[in-house]
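Quick one: this structure, given as structure tokens, is what I'll be asking you about.
As written, the chains take the letters A, B, C, D and E, and residue 1 is the first residue of each chain.
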Amino acid sequence: MLDARTVLTVGDLELDVELAVGDGEVVALLGPNGAGKTTVVRALAGLAPLEAGHVRVDDRTLDDPSRGTFVPPEARPVAVVFQDHLLFPRMSVLENVAFGLRSRGVRRHEARDAARAWLDRVGLADRTSDRPAQLSGGQAQRVALARALVTEPRLLLLDEPLAALDATTRLQVRSELRRHLDGLSGARLLVTHDPVDALVLADRLVVLERGRVTQSGTPAEVAARPASRFVADLVGLNLLHGAAAGEHLVRLPAGGELVVAEPPPAGPLALAIRPQAVALHRTAPEGSPRNAWQATVVEVEGSGDRVRVTLGGSVPLTAEITAASAAALGVVPGERGWATVKAVDVDVYPS
Amino acid sequence: MLDARTVLTVGDLELDVELAVGDGEVVALLGPNGAGKTTVVRALAGLAPLEAGHVRVDDRTLDDPSRGTFVPPEARPVAVVFQDHLLFPRMSVLENVAFGLRSRGVRRHEARDAARAWLDRVGLADRTSDRPAQLSGGQAQRVALARALVTEPRLLLLDEPLAALDATTRLQVRSELRRHLDGLSGARLLVTHDPVDALVLADRLVVLERGRVTQSGTPAEVAARPASRFVADLVGLNLLHGAAAGEHLVRLPAGGELVVAEPPPAGPLALAIRPQAVALHRTAPEGSPRNAWQATVVEVEGSGDRVRVTLGGSVPLTAEITAASAAALGVVPGERGWATVKAVDVDVYPS
Amino acid sequence: ALPALTGACGGGEAGDADELVVLAAASLTDAFGELGEVFEDQRGVAVTFSFGGSSSLREQILEGSPADVFASASPGPMADLVEAGAVGDPVTFATNRLQIVVPAGNPGGVRDLGDLARDELLVGRCAPEVPCGEVARRVLEEAGVDAAPDTEEPDVRALLVKVAEGELDAGLVYVTDVRSAGDRVEGIDLDEAGATTDYQMAVVAGSARSGLASEFVSLVRSRRGQQVLQSYGFSEP
Amino acid sequence: MNPSAPPPRREVRHRAPLVLVAPALLALGFLLLPLVGLLQRAPWSDLGPLLGEPIVTDALRLSVLSATAATVLSLAVGVPLAWLLARVPFRGRSVVRALVLLPMVLPPVVGGAALLFALGRRGLVGEPLHEATGFLLPYSTWGVVAANAFVAMPFLVVTVESGLRGADRRLEDAAATLGAGRWTVLRRVTLPGALPAVLAGAALCWARALGEFGATVTFAGNLQGRTQTLPLAVYLALESDREAAIALSLVLVAASLAVLIPLRDRWMR
Amino acid sequence: MNPSAPPPRREVRHRAPLVLVAPALLALGFLLLPLVGLLQRAPWSDLGPLLGEPIVTDALRLSVLSATAATVLSLAVGVPLAWLLARVPFRGRSVVRALVLLPMVLPPVVGGAALLFALGRRGLVGEPLHEATGFLLPYSTWGVVAANAFVAMPFLVVTVESGLRGADRRLEDAAATLGAGRWTVLRRVTLPGALPAVLAGAALCWARALGEFGATVTFAGNLQGRTQTLPLAVYLALESDREAAIALSLVLVAASLAVLIPLRDRWMR
């Protein structure tokens, strides 16, 4: 169980993050580059001493300036997967993975067996005798992962542990990791930029921006009601801001208006709209959708059999349609057309 | 324009890759970890001399063992973004980015202005005087990107240049990059694990596996007809293998059979099925779908408002359904139910 | 504090007309320093000394480093040079007597050569290869004392330091060395004959100023010169 | 590294383990105890007047100058040599690498003699040089510099070479792909990275040169104001006045401290 | 690094730039020319019989032994000291760092005298030691080792320290998070990384000790088979028979090459 408030300054970033991770819980720490995620990890591991606040694991205080307590990294029950791997270049892959157990006093051959088992799990059984310099980026990252996981710590800190993995390996390692995490009793913190990683692996998300926590909750909550552009982009939702302008009406800064299902609360509002809920038409549509407006195609991004269309104009949105209908409609940047959204598809909440 | 055949051995990987990248073309090099992507990049840059084959840029031969030609890296018109950044630790961020121009003889202040401009583009205008050690992972990667792009080379090699970027920055940098690449006249090679990056940025995909090219073509072609599990996973398609077993019938190794629209060609077949085309039902369904079978839910992965359901059994597939219907059907690992696929949704081609 | 060092003072490049370059054994530092001043007063010619071990001086001359006079602490190096035709006829201008040197207060209670054979004492002398060692060997043989030394110093200086520090109870060195070591050591005269070595000097062949050079030699051999030398403990040949 | 970055508010003291501290202190004691002994014996009263003596000031000036000159020289040619040994594979490299150490192995007097054989008036190179230009190294301050450089350069070369080997080759690769030639790479990437080694090498070289005695006296002679360095003065002082000798050594020590402390302080962080 | 990994089939020669090669060759010439001179003057005929003489074999054996012992000693205590200077911040560290260099600056004879002041029969530590145990360093082979270590250890310490500074601290952090104490970190992560520096330091230390002369003679004296090292023998030979002296120096040179070439060959890649 982790209970921490990390207050420290690196460069001109003033970090102040409260974190609580229960036993067996996996918390994903998300945030823009430079938000302070790695710094939090370093602080929890004891590599960056706190200026204020505290770090407690299983009610043991590891760092607390006010009380002058500081437990050095080597004495903490933690393990870290570093963003840049930091494998030991002069050791073989096997020695790297066995290192944690060895330096915690496990006998050589036991440590090596455990290490081998883990290297096998991450699909590197055949690279045990190589040096890190002989590994590819993704292989190195998997070794780093194995090196941390093999020590079964009370607090596991994973800093973008899957960033360098290819699609297939990622699927395998991710479910491998998930299975392992489910098995662990300690607290786990996962730093990632990949929403899928977060959604698949984490029980709870904590969003860090400019050194502060801006949102936290279950994946569903966060995904449904993003509090910031960052989260919206992350989960691929459209996020608009506006204010109530009538019983069922919300006015946007850009000038556009949207009809919504329930009467909107007063004050500044956030509107979340799934790209799939935005339909496109060549001509002004008739029928059910309560919101319809003319829009200009700004950008078209294809992925697989779906196409994401970025729309400009009074209601800046991204629509997601099938490649087929995109072709049918002839959607190309610069084109003008009509966009519609059902009132029920506009999710309104205070921001 | 790049025309290369890189033949070399690293460790026990024997690499033999033919690559042709036209002027103004962007080719994405995809492949599993350890496939040899970075090695290809190193070979093209002159950091790993060829054992056979050749490297030609704009009809100038840079490496050709048979002719004993070898142009050292510093004399090649290339620029590289390295997978692990490799920023110069003793230089400021600005000096890092200006380095390429400086060592190509550009005057100091010009070089610095150009560098500043690029740092601005990647959103790091305020970090010019920092040392690399003071940057976050994503910031470092953006500096590396700027450092390479500022020296408009004839051959640009990008090795996973966006892997460490957060969602928002990624969108910005990606379109920034795309705009820049469109502007360049040289040949560009992009190594990535992110299908979206590939689809958005690349004109053509080359898939590398175990040191050999296994598939290449436009994103659409590759995405539609994956030649390997890797590509299938990459674009999120189901890929099955089987053989014709009747006029409209294909038998799968696992024993299952699928009805297909057109008469299948003879010989080994590949079947691609979009996860969205797979429907799930509690009870045996009546009606149009020609393929219906009982399946067991193996794994359920939620992302956003969609859920990917991995099915076991005689026809191992992944189905993608809305979170709503997933809830309605009560899809959980271990459950048994019915799956259906329309014959027309099964894309058959020789493998 | 430094009579010796305040002596010579360098002029222009070695080889100037108004400068005499004298290579001399280190043990002559003080005496020659004084004589150098005298010479300058008399002849108005600057004398530049280069003091060092006789053997490194020999190397310099053999390798043609410009010099006018060479003064050796022993016949050996001089002989090499004569053989090589690098110097003119050498003359013996002084001798140096061997003395037993003991730390101030003579903790070992040493009285004569015989005591050097006492096992409980730490005794040092010069190595047989160097003049003072060669003489010491001779003397001890004649006196019939077989004193296995605890150390055979290649260099009087090293021996003196040890005695002065009380690291040795007794040693055999030259009178001049005992004097220079000041009051931290005491010297005990030997009555044995032949406890002496010859100091030789010669004009270097091809000296640009052989005239001046031989004048310096004769100054050293003059009454005045001998007085100065004796004031530092040397004896007449 | 970056002045704008504030130091961590809180310096956390890790306790240093005894298994390391104990031997370290032992080493320190062993190296410093003799100096203490020296200080004990020092004639503090004479120290003041002594420093006034022209012969001392001459010798001190000459020592510092020649040691510095030798170090600069060594840097100028020794660093390239180190680079050659560290980066350019050629046949017999390991032999050359060992040969570079030899000047350290030779007894100083022999070293000096060897220098005479090479650069003396009758020397391999010295003779033609002398006949052509009339220039003569022995007895000249340049001779002292040469002797110092000969004895001290190996320390620089070996230390810098090890530093270059320690450096990260991948950074050099990166620099090359950015169009930097090997010279630029060395100057802007490798050396800055190996700075600690270069400084250590320079310090070793300088200190060794400052203390050089045997080779100098044999090769360059012992002429006050021209070739008489402080160690030579000490050697002569030992003849006549051992107090003065100790005092002079302390001057030497003080001089070196005066140079080394600020230097390494400035750079070694 | 990894035996299983085959070397690149094709060694591509980058041309080394003249701006680097020229000075490098200059340095090499300067360092090796004197040796050539030495070889020229060498009495090859006497060399054979000379090597038979017990006085030579004794001296050679003693030299190699004591130099090696001094190096081992220096490694044992010098590496921890280097670590202390490189990693543990304490007040006056920069002073200590400079003090460590002093034994190099002292003229050998003075250094030897200083050792006597400290470890001699009447020395600060020597006297109590002698009275308690009757053990006496001077005139014993251990005295030679002590003198060698005193003069040579600084080279090791400084070189290793620079190596440790060059090492990547983040790797040490990573090791710490894996539960490794500072001793383990040093042993398994830092030192292996700084291996080139350690080897260079050891080589410098050994070579310097092998050539040590002044301090040894002053502190330990000179007695065949017990304290007479090869440099002492050379010095003495120089007095009587310079041919022999040169020959002996060559023996010294050969011995050091015989040790250094294979050693650095083995490790320095």
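The rule is simple: a residue touches a chain if its C-beta (ideal position, glycine included) is under 8 Å from a C-beta of that chain, and two chains touch if they have at least 3 such contacts.
Since we're looking at a predicted model, the values are computed, not measured.
Between subunit A and subunit C, the least number of touching-chain steps is 2.
Of the two interfaces, C-D and C-E, the higher number of touching C-beta pairs belongs to C-D. Look at the CA centroids: the one farthest from the centroid of subunit B belongs to C.
If you average the Cα atoms of subunit D and of subunit E, the two centres end up 15 Å apart.
Per-chain CA centroids place subunit B at a distance of 87 Å from subunit C. Per-chain CA centroids place subunit C at a distance of 34 Å from subunit E. Subunit A and subunit D have centres, each the mean of its CA atoms, that are 55 Å apart.
Among all residues of subunit C, those that touch two or more other chains are 55-56, 59, 157, 161. In subunit A, the positions touching at least two other chains are 10-11, 72, 84, 130, 134.
Contacts with at least two other chains are made by residues 4-5, 14, 109, 113, 116-117, 123, 181-182, 193, 214, 235, 238 of subunit D. Residues 10-11, 31-35, 37-38, 83-84, 130, 134-139, 142, 160, 163-171, 175, 193, 195-196, 199-200, 219-220, 223, 229-230, 233-237, 274, 276, 299, 301-305 of subunit B touch subunit A in their complex.
Per the touch definition, subunit A reaches subunit E in the complex via residues 45-47, 72-74, 76, 78-80, 82, 84, 86, 88-91, 99-100, 103-104, 129-131, 133-134, 147, 151.
Of all the residues in subunit C, the ones that touch subunit E in their complex are 54-56, 58-59, 76-77, 80, 122, 124, 127, 129-130, 149-155, 157-158, 161-162, 165-167.
Every residue of subunit E that touches subunit C in the complex is listed here, in rising order: 109, 112-113, 116-117, 120-122, 138-139, 217-218, 221-224, 227-228, 232, 235-240, 242. Within the complex formed with subunit D, the residues of subunit C that make contact are 1-6, 8-10, 13-14, 21, 23, 26-27, 29-30, 48-53, 55-56, 59-60, 63-66, 157, 161, 164, 180-182, 184.
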